[in-house]
Amino acid sequence: AGRGEAKTEGFVIGVSNPWVGSEWRTQMVDRVQEVAQPYIREGFIKEVIVQSFDVPLEGQIDQIRNLISRGANVILVNPADANALNPVIREATQRGVIVIATDTEVSSPEAINVAIDQAEWARISARWLVDKLGGEGKIVAINGIAGHPANTARVRGYTEVFGDAPGIEILNQVNADWDNALGQSTMQNLLATYPDINGVWVQDGMAEGALRAIRSAGRDDIYVTGEARVGYLNLWKETGIDGIGVANPPGCMASALEVAVQLLKGRELKDGILSGPFGNTIYVPVPVVVTNLNFDTVYNEYKGYPDYYSVDGHITPAQAEQFFK
Amino acid sequence: MKNNCSAGIQQRLAWFLEPTVLVFSLCLVLLAIGQVVSPGFAAPRQIINMLVVASFLGIVAAGQSLVVIGGKNGIDLSVGNLVTFGAIVGGAMMRQQDQRLVLALVTVLVLSFLVGLLNGTGVVFFGIPPLVMTLGMGIIVAATNRFITGGVPVGGASPLLRSLVVGRLGGVPGILFWWVLIAVLVLVLLHNSRYGMNLYALGSNETAARLSGVPVVPMRIITFGICSLLAGLAGFLYLGYLGSVYNITLGDKYTLASVVAVVVGGTALTGGTGGYRGVFFGAIMLQLLESLLITLRMEQFGRNITFGVVLLLLIFMYGRDKKLRM
Amino acid sequence: MVKQFFSLSGVTAGAKRFFLKGEVWRLSLLVMIALAAVITAVQPNYIMPYNLLVKLRTWLPLVLAAYGQTFVILGGGIDLSVGTMIALVNVTAVEIMAAGGFSGPSILLGFLCGIAAGLAAGAVNGFCVAYLRFQPIITTFATGIIWTGLALWIRPESGGGVPMELYDLYSGNFLFLPLVVWALAALFGLSWLLKKSSFGVHLKAVGGNAPAAFETGLPVARIRLSSYMICSVFVSLASFCILGETITGNPYAGQGYDLESISAVALGGTSLAGGIGGPLGSIFGAAILKLVNDAIFFLGIPVNFQRLMQGLILVGALAAGGLLSKKNRGNGKDEE
Amino acid sequence: MRAQSIKKRFGGVTALSGADFDLRSGEVHVLLGSNGCGKSTLCKVISGVVRPDSGTVSVKDQLMEDITPRLSRERGVGVVYQELSLIPGLSVARNILLGMEQANGLGILRDSKNGEALEEIFSDFRGLFPREFSLDTLVQGLSPDLQQLVEIMKVLARDPEILIFDEPTASLSKEQIDLFFGILERLKAKHKGIIFISHKLEEIFRVGDRITIMRGGRHVGCSDLSDITRDEIVNLMVGDIFHSEYRKSSPSGSGKELLGGCGLSGKTIRGIDFSLRQGEILGLGGLQGQGQRSFLLTLFGVEPLQEGQLRREGREVSLRSPKQAMRESLAYISGDRKKYGVFLIRSILENLFVSRVILSRVPLFRRKTLKESAGPVIRDLGLVYDTLDKPVSTLSGGNQQKVIIGRWLLNDPAVILMDDPTKGVDVKTKKDLYELMERMCQAGCSVIWNSSDDQELLQNADRVLVFREGRVIRELQGSDLNEETLYRAALGMDDPAGEGR
């Protein structure tokens, strides 16, 4: 499956996604295929092969090996773990395949990460919450899956912010596994246990559940962080809260594709553009932060979309070129 | 005299070890512990909250208990996916419109019943063990969830459905009324109907049941059908609780939880015994335990270990097989 | 009747007889070959030595888990804690290795402690099922929750800084042949030995009719306990394979292995009721599960159909196996 | 061997209340007693399958403590259990040697040595097995009598000092029984001690040396068989005087045909014609396993009818399931109650009503109403029970059988199909059953009665159809109803056209 030296078009793009449980992932895969269309039309890209399946860690390794077998020139992965893919990434790069990880960062020096900064992402809404509470109050946090790298980064982010605000007390932190229903029942539990909550830091689909629980308990004095998803925006509209939604864009993989295109064209990265914990990450900006200031614009833009749809964004080819010499 | 007395105590002890009573007492104990550790845990409002969360599991477990009672290693591991199926299909059919509610409900019930019939067919006519048959069917249903909707669910609960589920009557959410109604129906079905008598007979001795006129094949197939139907219904009601579907694995957690509720409720996995009374409280007990562990601010690992150990203790009480040496 | 039907004529008759008569694992082998042929037809480099080797490496954990699961199922039990046991072994091993800075001896010690943890877990399962007579499905589900708890306690999140050398070890050669090839050969050899051993007979007796085995004087409880412990050894080895592949200590490693290993055992022709079958078929069963995934991918089936196909093929294969064993038992079985 | 004051309770049921028993070497010691008197339990205590509440067992004056099957085997006790202890999924060879295979240090079987041992045991039995039989056949494919023989071989393979046979002859044919008794004689000559349980008195007098009679979980008498008469034995067993001789009063077969068939063929039956008149008992005779059961199961809609027509009161009917047969007022009572009849863990009430509820027009019922309506039938049967809500497993075997009969009586059957209903049933319960059937016939029912006990058949039936290889080869009636003609017919000795191949 070696790549001819002179190859300048007809590249094969592989996509590896190890979890299909949420619509966020569906949107991610759809979006990357959409963004590839112009390149396919002009023949630069031959095809996009998708491996999208619920698999454990070593299953994703198998996915990547299958993509290598199918002759992929670039493999875009949403990794299930930061370190576990390193051996197979080495296998791939040794055979001349470019590997780009998105959403979660991998530690492999042979790969490039294209992602938003999850810790910073969490800081934005945490800062907002501190602000709204005037630096004073009792809060709870509802988190995703314990031990998941994105979750860890986010917890790190908000812990920093809340730690810097001496008036904020975190009463309890519970994992609700990024599950809307679990978020709802967990919030119910927390409300009953701590009658004096002032704020909730919560994210993803769980935010919708938590907000519902708070509203049905008749507590409109609690500030809740949220998620830039259509379902949440609808609820926001309906309840008229003072909220925040930070977009976690499924388009990150499309951004990765744009970076890949530049690499395939033979361009070299600018010095110093790589950063992050492993020194191999290109951070792309958080596309949108929804607050009451810009709510109506965003709401109108996404009004027709289904509930699960995330407010999205990805870098343009021009933006991608900025990362290169 | 003395003999009489000890016999009386023995009888009372036996009564206490009766799964239903034991599980119910355990519920009270958990509530008491919760109340002590964190005042407000046993407040009526909080109890109702927990019952609401338990109700979906309770409904799924009702179907599961039928399949288990039917014996021959009966178990249904597709229920979780059917819950999702019920929510997704319900939402897609209803599209938030009240006038489509009935149509959506009927569609969900019919389709999930059909899935159950397929499960039963595989088990009865192809001799596939229920465990793997329903596991495979679960994969198919999960795939269908994706396929029907293109991976992106549309629509959501209509206002009427929402108020039927979360709307309150005298402070009690609608879902609890539905659960009690379903519980009564299941109890009558099990203990006062031809179906129930046939099912218990089937579960305790299939050959004898056939020779007594029990229509073995239809019974098995229909039992899987009812189980799936209840799972689909639970999913539909869950949609009312959630408002919209966001995640195509939302029902997964009910698969094994329903089996646990059945066992905790005193229905042996070997079939032919038990009933819904214990399972009803079993579902509540599981929810109480989970809430309590969260309230205790126990870390994830501690919650897991405690939960597992409690389960083992309950199995020790009555989830045991007969002795080989009598 | 079945015999006559299949012995139509010529050379094919022999093959038909081999695959469709007798033990079900032969049918599994046939399905496995057919799937591999289909994939090779669309992707000729699929059976290239390099690719095959790489494939074997990704399959070996499931093969091992299914192999171990077979012992438990043959003995009339079932183990739903296989997946979480993999995690427990994984984090135990990694933690010990990390404490010793991944030096040679510490790696060895890590493997030993991992196996010890697995054996302990298997012993708990076996003790509960065999001596306390807990119902296996629900018991191993409960202990599985505990194993996850312990794994999370030892290592709350994945990582551990395992060096690449471990991967090189797993993917490397041993006495001129890749390690996986040796492992596979050992499994085939063991299957043959089990068939010839008194332990194999006793295990099937216990699974086939425990009261009768007890009345005959077999140490029923001890045999069932050992079936769980043997299973845990293979599961530990599976865990090490995953560790070699992912070089990560991961408290969620092995997710899904419990149900998948059971499916593999069923596909391999072992009766889930116990007493009939053998671990040989489970090797093929596990391979079938993996091949189905690959076939779907290499045939270019759209993403949304992939899982549907997977489910349909799984149920179809089970149904075929079920029908076949029904037919093969056909004539004599009517007394039941 | 000696067992002293053994006591054992199962929940509320007392199985043994201080049983004593002793066995000398070189004797056949018969254990006799009515159903549920604890014979099997006593055997299981000796072999360690059941742990007694109190009492001791000693072998060769050595006390055995905390007996397990393993220990008792090591001490030289071998048991043929009433319910057999075979592994269905293993071959005959593996079953016979189970637990005593020769293996090398690694646990690998030594096939040649094991083969020799097998040949030695099997040589005696070869004649009783079909020619194409191989020791590698799975046990699950064998008929009950062959399974019973395999079980006997299994015990002989262990070469024990003490052998216990719990109703081994219940499912054996005459030929097989003869061989078995031959083996018993040889064992006796080798000074082995043998315990033999059977409900058939002729057998007892044929092979027994001594007899211990049990009642209500304890022994009530022990004597040399040469010093005791049949009537004395029966008196001891049941505790009051009655005659075991019984004869159905004159055939009342005057009425119309209730059930009839011509050219009935199924899985193992071929071209059977018959006609059953109201009030008559039609017996099915012949050697064991010649299609009698298959015939009954075909009539009851369990096995498919491949050819031929079935008439019910003149109408042509097709019965494809037991439910349809029940609708036509047929009932099926099997002697193998554990397997074919009883729902052990369910209540007596449910066991009684399961079939009635299936036929009732309304699918719902109240338990109280059911209990009330059970009264007359229970009284009729003389059922002894605590409450109807207790599981049926708390009843003794005979009472369990009564519950099954009650299940069918509740349906007002017109034709009762009985498949060896007295298998392993004691003399008193047997007599109750005979009388009940006679009453049923007088009330307008008819009975088709398959029995492995020729005596019983001749006593009860008005006519007997003799089966051989799935066909009816003779019909016996009136003066032909005697043991000799029945035996000759069964063996095909007067097969008219020499058709019996």
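The chains carry the letters A, B, C and D, assigned in the order they are written, with residues numbered from 1 in each.
One rule holds in what follows: a contact is a pair of C-beta atoms (placed from the backbone, for glycine too) under 8 Å apart; a residue touches a chain by one contact, two chains touch by 3 or more.
As the structure is a prediction and not an experimental result, all values here were calculated from the model.
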Most widely separated chain from chain B, with each centre as the mean of CA atoms: D
Centroid distance [mean C-alpha coordinates] between chain D and chain A, Å: 72
Interchain centroid distance [CA atoms averaged], chain A/chain C, Å: 35
Approximate Å spacing (C-alpha centroids) for the pair chain B, chain D: 42
Shared interface positions of chain D, touching two or more other chains: 49, 68
Set of chain B residues in contact with two or more other chains: 146, 151, 207, 300, 324-325
Contacts with 2+ other chains: residues of chain A: 20, 146
Each pair of chains that touches, named by its two labels: A-B, A-C, B-C, B-D, C-D
Partner chain A, residues of chain B touching it in the complex: 38, 40-41, 43, 45-46, 49-50, 52-53, 146, 151-154, 156, 166, 238, 241-250, 253, 291, 294-295, 297, 300
Residues of chain D that touch chain C when the two form their complex: 47, 49, 68-70, 72-73, 79, 81, 84-90, 94, 98-99, 101, 103, 106-109, 137-138, 140-144, 154, 267
Of all residues in chain D, those that touch chain B in their complex: 10, 44, 48-51, 68, 300, 302, 321-323, 325-326, 332, 334, 339-346, 350, 353-355, 357-360, 363-367, 407
Residues of chain A touching chain B in the complex: 20-23, 26, 146, 172, 174-175, 178-182, 184-186, 188-189, 192-193, 195, 205, 208-209, 212, 216, 229, 231, 306-308
In the complex with chain D, residue positions of chain C that touch it: 193, 196-199, 201-202, 204-205, 207-209, 211-219, 271, 275-276, 329, 331-336
